[in-house]
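There are two complexes below, and they share chain A, which is joined by chain B in the first and by chain C in the second.
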Partner chain A sequence: MKKRKKIDLLTVFIYAVVVVMGLSCLLPLLNTLALSFSSSAAATAGKVGIIPVSFTLSSYQKILNDQQFWRSFLISVLRVMAGTSLNIFLVITMAYPLSKSRREFGAQKIYIKFVIFAMLFNGGMVPTYMVVQKLGMINTIWSLIFPGAVGTGNVILMMNFFRSVPKSLEEAAEIDGATPFQILWNIFIPASKPCIATIVLFCIVGHWNDYFSGILYITKVHNYPLQTYIQMIATTFDISKITDIKKLEEFLAVSEKTLNSAKIVVSVIPLLLIYPFLQKYFTTGLVVGAVKE
Partner chain B sequence: MNKKLRRSLSLLLAMTMVTGLLGGCAGGSDSVDAVTDVKDAGTQAAGAASEDGTSDPWQLAATSTYEPYPETVTYTIGLRVRADVAYPEGSTDTAEESAYTRFMKSKLNIQNENAFEAADDNDYNQKVSMAITSGDIPDIMNVTYDDFKELAENDMLEDLTDAYNNCASDLMKEIYASNDNRSLDMATIDGKLYAIPTTAISSGPEMLWLRGDWMDKLGLEEPKTLEDIENIVKAFVKQDPGENGAGKTVGIPLCVDGDTNYIYGNYSGAYKANNIFTSFGAYPEQWIEGKDKTAVYGSVQPEMKQGLQVLADWYKEGVIDQQLAVRTYDDIKALVTDGKCGSYFCGWWAPYDLAGSYELNPDVEWRAYILPAGSDNKVTMWSGNPNQNYFVVRKGFEHPELLVKAKSITLDYNQGDAAYTDDSAECKEYLDYVAHGYGVEVIGGFDWYDAAARAYQHISEAIDGTRNPDEMNAYEHSLYESCTKYLEAVNNKEKPEKANWLDYNARMVASKLMNDTEVNIVQPVFFSQTDSMSLMWESLRTLERTTILKIVTNEISVDEFDTFAEEWMNAGGQQITEEVNEAIN
Partner chain C sequence: MNRPKKQAYYHLMMLPGMIFLIIFNFIPMAGIVMAFQNFSPVKGILESKWVGFDNFRFIFSLPDSRQIFVNTIIISLGKILLAILIPVCFSLLLNEIKVKFFKRTVQTIVYMPHFLSWVVFAAVVQSIFSYDGPVNVLLTAIGMEPVMFLGSNQWFRTLMVTTDSWKEFGYGSIIYLAALTGIDPGLYEAASIDGASRWKRLLYITLPGIMPIILIMLTMALPNILNAGFDQIFNLYNPLVYESGDILDTYVYRVGMLKRQYSLGTAVGLIKSVVGMILILAANKLVTTFSDRRMF
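Showing the complex of A and B:
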């Protein structure tokens, strides 16, 4: 006898909500994509939905010649590479000792409390700015990397994952004469690949998408990371303050929807390329980390 | 052993490479020392030479317009940059090293070092505030009037009176005189000049822009009165000359999107109805001189009621866009571009915003009219703030005249005709940057108050053959060339290029109208903020804007205006009015 799955009202409702939420994420992206391939007149006339109107590649041609865009792009790539490496290094070296039991590492609890405290409370924007400034990092790429170098949330995620690695593996390695560093490198890191991949993804996305630290710490436009640059061109220009023709020309150039859309599309591509490779770890990495022995 | 050493060496090498790579982005920080050295050298040289007479090159540079400094003077600046900043292909220029900085170095031997840069006005002003609060301001900044006053009151600014008298070129003085020196007056405190203001050019009278091809199609006469406007727009909406389908054509749009757009205010901005109010003697959102010679706030004066009555009636008749309360600026622009709206108010610059309209429909024809006239048969406009921003010099900066000198040179090459006689490589590169809008001008210039009308006069004279096309500045010359291309295309029965169509309609059609139409000009008396405004203005403005919107959309009757005016006064308007009067006396 076959059991027919009952379709009740709740299921329909849940599906409806999920579909609406999914569309609300997808449609703006498709609209941006369509705008970037449309003629600027069609875009201004509000004719573009999710399919390009009077298809053209002119926006992308313009981007190819835009020095500042690529300079910012490069800075962002550099930041992601350096920042993510540092993040991962610090997260692993911090999470590993914290994952040990209290017998092996006496002060473990105090350190964990310290981490959780730092997760909940911080100095706030201005004091953080002053620290960065006094350390002489203003207008350098370090100001984008160091303030968020230790992701406390990631440390806890990593710590829990390390704890779920079977104790016997570690003991076996110890008996074979492995040093703590060798145990970390040869046992724990290979066993934690899903979790590390997840954190790498978090860090890459975080570094790539962050525009605010660029506004705060970078004082020169030619040093802006990509998202700060895009934020600068995408903010609404105040047309009522236009008092001369140069300002008007700037307004018209900046309010060119198609070009701005193309810039956004190009800025999304790197993440779209990375995602498929790391996504398979994504769900396992998160869930397994939360399960304890 | 050897192997280990090699490995650690390669690791070290790799680390050095990474640091080097990242360090490339840093820059800036070490050059500070070098700068101080130059400055020290400068002061020493100046000090040493002043003892033995006036032939000293530093003294000469400090008191003349064009004399370069004997050694490179480096100054720090808080720079406003363009949001769409771009450089020529393949160039590695930045705002600190570009055609502009090389040009200034070749002319005056000065070099900028940017203390901070920002594109967005709010962002820039915030950085200025931060600099003021920390007491560490760059040598030169470009600030708002409020920041200018604060800086001057706190004695943080260098007195520029002597620098202006010694070093300002005649052209600079002439340009300031084009607005009766109002710009300089606002920058003068107790008889001392504390800033070189950037002038705002006159926006000219607001115009009603109508689709001429629709008017011809429906056989409509040119409008002269309020009634004519009403009839034309009604015909547009009801008879649908644009073939949009019944009910798809909207009337006159009024933009109430966001903080800065409203039914009125900001004269000659897009999608407003200021002229309706001025034709009845009302000047909304302006501080003007009232009947008893004191300053009053225009939005709460009884003259407003007649203008509001017109708008409310028009709304009821469908002459005004029925959805005005919910349309964004972009929505309205889309309607205009798409041919769903054939009537709106805007300044002479409207064609620059109509590129899409022409591209989608080359047969489109926009006509501009300055109306409605008041009882004296003239349209009344109010003038804007004479200045956009104020360039100020930090107190204690050794070369305050540097600002005046750099501005004079910029004006010579942009507003004057120096560009035609200078064939240095730096000048050529500079002009190329200006023409293409590359990079960021560091000190920059400003323009004649009547720049738009002057441009029209020069271009039309050149087209008529009464002026040599070289006898105008470079920017006007490029407009002249664009307009001739338009005329050529029309003569050859070809479709004119979009850019030429825009230039011709803005510079020859709308500017001609502006130049030929005599209007009354009312001067507002106050453009700044008073102390109580920072606390109360937000709520007063919300009260004003919600009430007026309700009146226009027929939610409440025009008679409610009196209640509103009283409420406005009691809610702090009275106090602010008193403060404004104190401030201007």
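Showing the complex of A and C:
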């Protein structure tokens, strides 16, 4: 007898709900993409859904000549490269000694308390701002990189990963007279590639997406990183100007919509490029949820 | 290598990181004394006048700041609730889907919004919920009055809670999907031999199977009760919805940074940090007591 697959109502329902939820996540990007290829008039009239209306490349042509946009883009690229390198360097150099037992490294228990305290408690926005200001970092790229240079959560993650590296490898190297730097570089780092790759990718995304350091520490638009620049053009409510509903409506209906959408699309492209690599790592559960003992 | 020499190496490795931590984490903590002063940038911390708990008394005497606490807690409770409910339901649905390719494609799509910044996502939310946006076009089509969502105190909190869930539910479902694959398939086989329906299997095998992780995620989320999501609200709010949408972090930014009332901003920030730390320690205690996991 031939066994036929039963298609029941419940299965159809499940597929339908999943498809709708999936589409809802695709919608924001598709809408932005469609807006960026539409004419200003169509966008302002609210006619654009997920398909461009009166297709045009004019927004992208305008971006090509927008010097500030590319300047901000470049600042963001530099920030990602310098910031991520510093993040990773500090995560590894801190996590390695912290991963040693108290017998191997007596001060470990004091250091780890400092790191956990820094993770749980902070001085807040105002005192941090004042430190950055006192150091003369306002309006420099350093203000975007230094305050968040030590990712305490990542240090803990890396430390736990280092602890899972077999002890025997280290002991063998020690007998051969290797220094802790050599052991870290030749044994622990190669053994921890998946964990390091995960942290690198998340640091890249974090630096690329951060707009708020730019708002806090950069006072000249000229020096804005890309997300701060986009925040300024696309979503800032000029607080002093919005006094009633009418003003708010006018603000939301500005005809710059298509140009702004094109800028958003360009700003998202680098993320889409690394997304496949990201997905490879975060689905392994390395970074999600609690630390498992 | 002898032990003292090795220890020296370890201290050397800790050095760069500790320097950064001291400058950007611990020195700002010392700046917290501003919360107990009437700080003036001209006089500096050493010369400014000490006022004890006056700033805190002032904060709690303002009706505005009470409203800000209420807003923060309502918005974050809503988000915590949906951040469990939607991902759990979604992962249960996705778990029923057996077509591998379809499942994987859906996963790729729903994880993506998590990696977009709120700057980008807020621009989309603004255009979709604006007065002449798609949502209002739909409302008018079914004969309802259009709503100015982003300017309405009645709608703003709901909008914040739902759009946050919209952006994060996919990423939030990863942990539940992982928990679902961890359930012993033998249990399902035994149940179907006994003639248990799909519904009964869900109720008696699947849900009890992921209940521990649901409780852990809930416990870990609760310390965030004073974190209502700065990036989202900062990019979507405006003076019309301060009454319902202004939260602690946005208040600190406006008062402390824009109005330069350093002492007041620091004091509100301190309340938030202290409550947050106590809650995290409590939650960690709970999690380590009842499961084999810990938060840090």
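Just so we're on the same page, the second predicted complex is superposed on the first by the 234 of 293 C-alpha atoms of A that agree within 3 Å, B and C clash if a C-alpha of one lies under 4 Å from a C-alpha of the other, contacts with A are read in each partner's own complex, and residues count from 1 in each chain.
What we mean here is this: contacts are C-beta pairs under 8 Å (C-beta built on N, C-alpha and C of every residue); 3 or more make two chains touch, one makes a residue touch a chain.
Nothing here was measured: the structure is a model prediction, and the numbers come from that model.
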Once the structures are superposed on A, label A:140 by its partner contacts, choosing first (chain B), second (chain C), both or neither.
first
Now for A:88: first (chain B), second (chain C), both, or neither, which partner does it touch?
neither
Would you sort A:67 into first (chain B), second (chain C), both or neither based on which partner it touches?
first
For A:221, select first, second, both or neither according to whether it touches chain B, chain C, the two together, or no partner.
first
First (chain B), second (chain C), both or neither: which does A:189 touch?
neither
Does the superposition put A:100 against chain B (first), chain C (second), both, or neither?
second
Contact-wise, after the overlay, does A:205 reach chain B, chain C, both or neither (first, second, both, neither)?
second
So, does A:39 touch the first partner chain B, the second partner chain C, both, or neither?
first
Answer with first, second, both or neither: which of chain B and chain C does A:78 touch in the superposed model?
first
Between chain B and chain C, the one with more contact residues on chain A is chain C
Both partners, chain B and chain C, contact chain A at residues 45-46, 235, 237, 239, 242-245, 248-249, 252-253
Chain A contact footprint on chain B (complex, rising order)
18, 21-22, 25-29, 81-87, 89-92, 94-96, 114-117, 119-121, 123, 127, 200-201, 203, 258, 260-261, 265-266, 269-270, 329-331, 333-335, 337-338, 349, 352-353, 355-357, 359-360, 384-385, 388, 437, 447, 451-452
Can you list the residues on chain A that touch chain B in the complex?
39-47, 65-68, 75, 78, 82, 136, 139-142, 215, 219-223, 232-233, 235-245, 248-250, 252-254
Chain C partner, complex, touching residues on chain A are 10-11, 14-15, 17-19, 21-22, 24-26, 28-29, 31-32, 35, 45-46, 49, 89-90, 93-94, 96-98, 100, 104-108, 111, 114-116, 118-132, 135, 146-150, 153, 155-156, 174, 177, 179-181, 184, 205, 208-212, 216, 227, 230-231, 234-235, 237, 239, 242-245, 248-249, 252-253, 257, 260-261, 264, 267-268, 271, 275, 278-279, 282-283, 285, 288-293
For the complex, give me every residue of chain C touching chain A.
1, 6-7, 9-11, 13-14, 16-18, 20-21, 23-32, 34, 90, 93-94, 96-97, 105-113, 115-117, 119-128, 130-134, 137, 148, 150-151, 166, 169-171, 174-175, 178, 198, 213, 216-217, 220, 230-231, 234-240, 249, 252-253, 256-257, 262, 265-266, 269-270, 272-274, 276-277, 280-281, 287, 292-296
